[in-house]
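For reference, the structures are reproduced in the following blocks.
First subunit A sits with subunit B, and in the next complex the same chain sits with subunit C.
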Partner chain A sequence: MINKNEQISPFLVFFLVLKVQIGVGVLGFQRLIIKSAGNDAWIAVIAAGLLFSIVIWCMFTLLNSQKQDLMGIHTQLFGKVLGGFLNMIWITYWLLMGIAVYRAYVEVVQAWMFPQINVMTFSIVFALLIYYTVSGGFQVLTGICFLGVIIPSYLILTIFFPLEYTEFRNLLPVWNHSYKEIALATRDMSLSYMGFSTLLMFYPLIKHQKKANKWAQLANILSILSYLLLTIVSIGFYSENQISRYVWATLSFWSIVEVPFIERFEYIGIATWVIFILPNICLFIWAATKGTSVLFKVEPNRISILFLVILIVMSLALKDRETVNTFQDYMSYVGFILYTVYIPILLCLSYIMSKIRKKTHEN
Partner chain B sequence: MRIKTIVLSSIMSLFLSGCMDIEPTVLNEINIATAVSYDYIDKDHFTSTAVIPYYMPDKKVNNVTFTATASLSKDVRQKMNQQTDKPIYSGKIEVILYSKELAKHDLTRMTDTLIRDPSVGNTVYLAIVDGKAEDVLIKQLGNVDKGTYLSNAIEHNIQSGILPKTNLHLFSYAQNAEGMDPFLPIIKPKNGNPLITGVALFNQGEFVYQTKEHENVIFKMLVEQSSNKEGFSAKLGEKLFASVYNIASKVSYNIPEPMTNSPIIINLNIEAVLREFTGDKVDKKEIRKIEKKMENVLKKRAEKLIVKLQKLDVDPLGVGEQVRTRTRSWDKKEWEKLYPNIPFQVNVKLNILESGAVE
Partner chain C sequence: MKKFPFQKSNHSLAPQFDEVIQQLKESKDFTIFMFGIEHDTLCISYFNTLIDTDILHRDLLPYLNKSSSTLEAAVSALPIENLLFTQKPADMQKHLLTGYISITMEGKKDQAVLVKADSQKSRTVSLPEVEFSVIGPKESLVESLDTNLNLIRKRLPIQELKVEELTVGKLSKSRVAVLHIDGICNKKNVSTVIQRISNLDVKQIIDSSYISQMIVDKKNTPFPQFIDTERPDRLAAVLGEGKLVILVDGAPHGLLGPATLVEFFTASEDYFLNWTMASFFRLVRFFAVLFSILITPIYVAILTYHYELLPKNLINTLVISRSGIPFPPILEALVLELVIELLREAGARLPTKVGQTIGIVGGIVIGTASVEAGLTSNVLLIIVALSALASFTTPVYQMGNTIRLIRFPFLLMAYYIGILGVAISFCFMLIHLLRITTLGRPYLEPLYPPKLHSLKDSLIRLPFSLLSKRPAPKQKD
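Now for the complex of A and B:
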């Protein structure tokens, strides 16, 4: 059984969910959604957010009925072999997500600050930091998530700078795109909301699990609002063809920021972003580590070292923008299926199974 | 054991951060360019001049210029670096000048590098030079570096003078927007002193027209909600002149039937203070009269300017954007056909709030 001292209060789920939802995607999600939905992109932001609100609800219903983490649910429903295989899929997904987030950040650093940075040494230093957090246990991880929300939260104030150049007329005419275009944008937007699947692993570590759903939903609403704000300002700030050229639209906001004591704000923003993405990567690595150690009954610290070596090697292997982009596209596609198809199916299956078991029990 | 790991990993991070190959850019080991100019030579080549301030021990600022010729602007930097004692960095460029000749041959390829290069800020001022762009940079003016001097000159003319808001971001915004064309301030070198004469209008990336003096104020009022410390004057009759200042203007569009040939109505609301009047006493009745007459003058000027813009087939006012945001499934090509022939009607409402310290 899980030690009570290792558990966290349900309100901390708010930070855990919010943190993974607002990650490296914030820097440049606008281009993708505005490409397909234009000035109606904000509708896609809300639609995707509501969709994920349902997914969160699904997850909690599933977990509340089973009272164990995803690994346990899999083995219970599908047996050891098939369940183990499904567990492997999720573990790989989490590991690759951690790599995707990390590589996306390295790319920003390369493009904006230090083009010649030695990715190898940067990765090793970063991996040490991840190892420290992950090996510290889940409470340390939660603490880092909490700080990861609080410390960079001042960045939201920088949204006032572009307002001077924002033309809100660009939002008109509302609903100028077809359902198909908005659906496409919703799918592209969903990559930004993903990440809270780690919830499936840390669920047993929450104290009053039934209360946690409320906090997760609140976190989701807050991320919808933040994305909405950014999208609306972006639509007003850029013209449509212009934004399709900017890979990191949010970063380009910052190059409009002028404060007497800082000439270029991007550098501070990008540096702060480390604290922003560190908890995300740690959570993914933690979930993958935990899953593997349960599956193969190995000591978690050894697994996390192995995973961090994979992280370093993979981030070196993904060399140019194109491969990074394709990698991320695949990840978002797989993630979208896992969240919106796999989880609901699993919920149905678990429901049916529990009904059948009850019946056989009664007989 | 635990402490050992922590100590070990911190020492490792300390040493490893040294090998990240991050190029150090120490302030006194680099040259910081503050303004750059580009001049046209032929279709593929241009001359570029960069100003670099040298801060002397006696608190003087020496502006040193370097010139090179190439076909790509980053090549130019290489050629300049071959002349300088320290490498040139572009992170603090404040003003970029293009000669009119160059602007006639499409600025898009010149601005592309600025947008692509993250070390150049989005608030950089771009300007067109009526003549040789280099001439603006060469003369030393006051004890400041040239880039700051020029950017201050443009900035105060935006805040209280004849220039509408402009910078690299807004230029690229208008260039990429479907129903809008960009504009840039135009500077004329006058014995080496920069003189801001008006606004250069572009068709996408190509320079087409330079506003005349009497068009500047009305242009600013039509482009944006502006405040203007300087004013404008108008001839109201035989030997009767009036001039107003401290203008706050607001422009709004009324398009009853977008994407048709029906007229587009532009409402211009202006609040101002009377500054000069050559007539007799100024009382309420007289002020109403001045208002009416000035409204007429402004209306004529505005309508004349718009007709000129239509003839040139440029849309710096962003009328197309106004129409676009009022139409579903907007068609750019159709609008481009419509634009030159749409009748415009400008309604000016002038409100003189005060008549100064005397009656």
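Now for the complex of A and C:
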């Protein structure tokens, strides 16, 4: 059914999951969680990470038992009409996620580098890039995910620059916030971990699917560790008041990076972020495209052109920071429900259905 | 002829032998003469420009039995191996055109003997000029396929080294040899290459580069997919790694493939030096290539949009060097890049001695003059010259050309959206590289898909004791 050459080895799932988990959110996730959980924000980071570890486990249990992608599971469990409707929801979610990530990046560029950038032309160039990637197939997509982790990984070294000014006593006293505050921060943090739902689409393209869970979990652990590191340094580096004014706390770290021949390192960082963000957007667009082309039996390349036109239009329509923010809040809310409520329910349903089917089969 | 096995009468073929000879006789350099005393005269014909007349005089004429009544008897005493007896005129024509002497017997024109006597005029094996290395073997391929095969076989005296030969080109009838080592090389690759070569429908194959352009997986890319080398030692080395080699008669370069991107940055010298030095030089090469592609676009991006990226002292230098220059950075950079290309092109077309003059005129006179005239900034001049220099570090000539070409889209994008444009172009390049395959294998291997054991000999080269595994693993097919 699926060409063996198109399949990827399971350890590449590590990069696919890591890539979507660490995206544009890294640049400024600190403000939200520190706002509600203060110096205990790091607990929220771990809590949210563990929560998503369970979600990943749920996904793999579901996929391993069904041996097909989400589209197939929906149609099998709910029939063509209802299943198709649910598929539409997920496709829309992926498309909008792609747009949200892209728009967030444009926002960063506008705020830090190019206030006057022509969003239209930039979007067209970027859309061409996305099209070139997505039309190359899943192998190319995995490749850019892999390189998208490896090439920008040098940026992790920049964490040493703020360390000099970090006051780790800011972390104390531990646990001086209520459960509610930490839970709120956990919910806000979860937006950063989201994105690996594309796994539901590329699962059939993994070679030894049973082994992939391990790699996905490892990727999740690595994202927890990187977010944790950033959160702890942020708590130590900024005061609580200060960070509430910094929308992109990670980017502000880069402002203090000093290299003899570079004055404003954040420019380099933001440019490198193109390679970082591209696979992220491409994965969402790819998942949406694949879903639609299976659902309506249309050629995928045409769908992706349509989606990219939507991407350009939407990124123009989301004009100012306010609308972008509201849009992202909605997306994170929907995403939170999809991941933590929808997936477990789907897992239960699939379990019950398979039991019933077994019984009817035995009878 | 094989199509009509029932056509048994040899007599009906006899006039065709004459016909062939009549046709060939229209060329001035075709010689035909009778040889013998009595009625059974031997008729000897050949192209005197194709054969070695020494062989004719020394080994052929003295040993012909003039008085025998059959052709077999007449040539039985020849001290030459491999006499071809043929009854097919087409066969005779083909061989005559490749340096054989044909002997027929007057009155019994149903059979001809073909004696190989082609003159082996070719260059002697000399020093490699394109891929010179200070240490290591100093032989390079020549235009003769047989000499080249000899050079390679000498280094691999094993029976597993197989040579398959094909003839390509309606006019040139070039001999193309595909070499591989049985048991190491992927059989599928061999059959793919042979299939693609034999499917070629062309008039002439002048050089091996014709073949390499025609049989690649992806034709619309500036990136070469076969390594073109003139070093037989390199060819022998990669044969052992499971690659295949294509040699073309008349071409002093062999092709080796499937070649991945990293291999275009490996020089044979990397293996002659100690691994620490080899790794260092290889890293220098990769850095040079990245530098060469990115530095001018970054200059344009910074000077067009992001002055603030540079520290105060550095920006001072830049501003001073650019003050009074009437052109925007992009125009300045494009013009200078084109000037470098111009110099390179002019240098490549001119004979060596004049070429040196061009170097001096171009490099020193034009450069200094344009800076003094205030047309270009001297910082950019340094940058452009350095990036041109860096592009020449690639051990494979074609890759150097590629690197010089792909910086132009980078430049335009840098002008368009600054440093983001450079990043986006870089992504385009990465995705382009990811999409290329060479003989069905990913071009970026072993970087992606990551192959740990091949990484030992990619960006760096680890000592031989760690390289015991072959980089290209045998595929089960």
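Here, the second predicted complex is superposed on the first by the 363 of 363 C-alpha atoms of A that agree within 3 Å, B and C clash if a C-alpha of one lies under 4 Å from a C-alpha of the other, contacts with A are read in each partner's own complex, and residues count from 1 in each chain.
Just so it is clear, a contact is a pair of C-beta atoms (placed from the backbone, for glycine too) under 8 Å apart; a residue touches a chain by one contact, two chains touch by 3 or more.
Just so it is clear, the structure is predicted and the values come from calculations on it, not from any experiment.
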**OP:** Applying the touch criterion given at the start, work out whether A:Val298 contacts subunit B, subunit C, both or neither, answering first, second, both or neither.
**Re:** neither
Subject >> Touching partner for A:Ile54 - first (subunit B), second (subunit C), both, neither >> reply: neither
**OP:** Kindly classify A:Leu316 by the partners it touches after superposition: subunit B alone (first), subunit C alone (second), both, or neither?
**Re:** neither
Original post:
So, A:Ala111: does it touch subunit B (first), subunit C (second), both, or neither?
Top reply: first
Original post:
Thinking of the overlay built on chain A, is A:Leu163 touched by subunit B (first), by subunit C (second), by both, or by neither?
Top reply: neither
**OP:** Return first, second, both or neither, reflecting whether A:Gly143 touches subunit B, subunit C, both chains, or no partner chain.
**Re:** second
Subject >> Touching partner for A:Tyr132 - first (subunit B), second (subunit C), both, neither >> reply: both
**OP:** In the overlay, answer first, second, both or neither for which of subunit B and subunit C A:Phe122 touches.
**Re:** both
Original post:
Which of the two partners, first being subunit B and second being subunit C, lies in contact with A:Glu263: first, second, both, or neither?
Top reply: both
**OP:** Kindly list the residues of subunit A that each of subunit B and subunit C touches, one partner per complex.
**Re:** 114, 117, 121-122, 125, 129, 132, 263-264
Original post:
Which residues of subunit A touch subunit C in the complex?
Top reply: 8-9, 12, 109, 113-114, 117, 121-122, 125-126, 129, 132-133, 136, 139-140, 143-144, 146-147, 260-264, 267-268, 270-272, 274-275, 278
Original post:
Touching subunit A in the complex: which residues of subunit C?
Top reply: 305-306, 308-312, 314, 413, 416-424, 426-428, 430-432, 434-435, 442, 444, 447-450
**OP:** Name, in rising order, each residue of subunit B that touches subunit A in their complex.
**Re:** 6, 9, 12-13, 16-17, 19-23, 91-92, 115, 118, 121-123, 165, 169-170, 172-178, 180, 321-322, 325-329
Subject >> Of subunit A, residues touching subunit B in the complex >> reply: 111-112, 114, 116-118, 121-122, 124-125, 128-129, 131-132, 165, 167, 169-170, 172-173, 176, 238-242, 245, 251-252, 255-256, 258, 263-264, 266
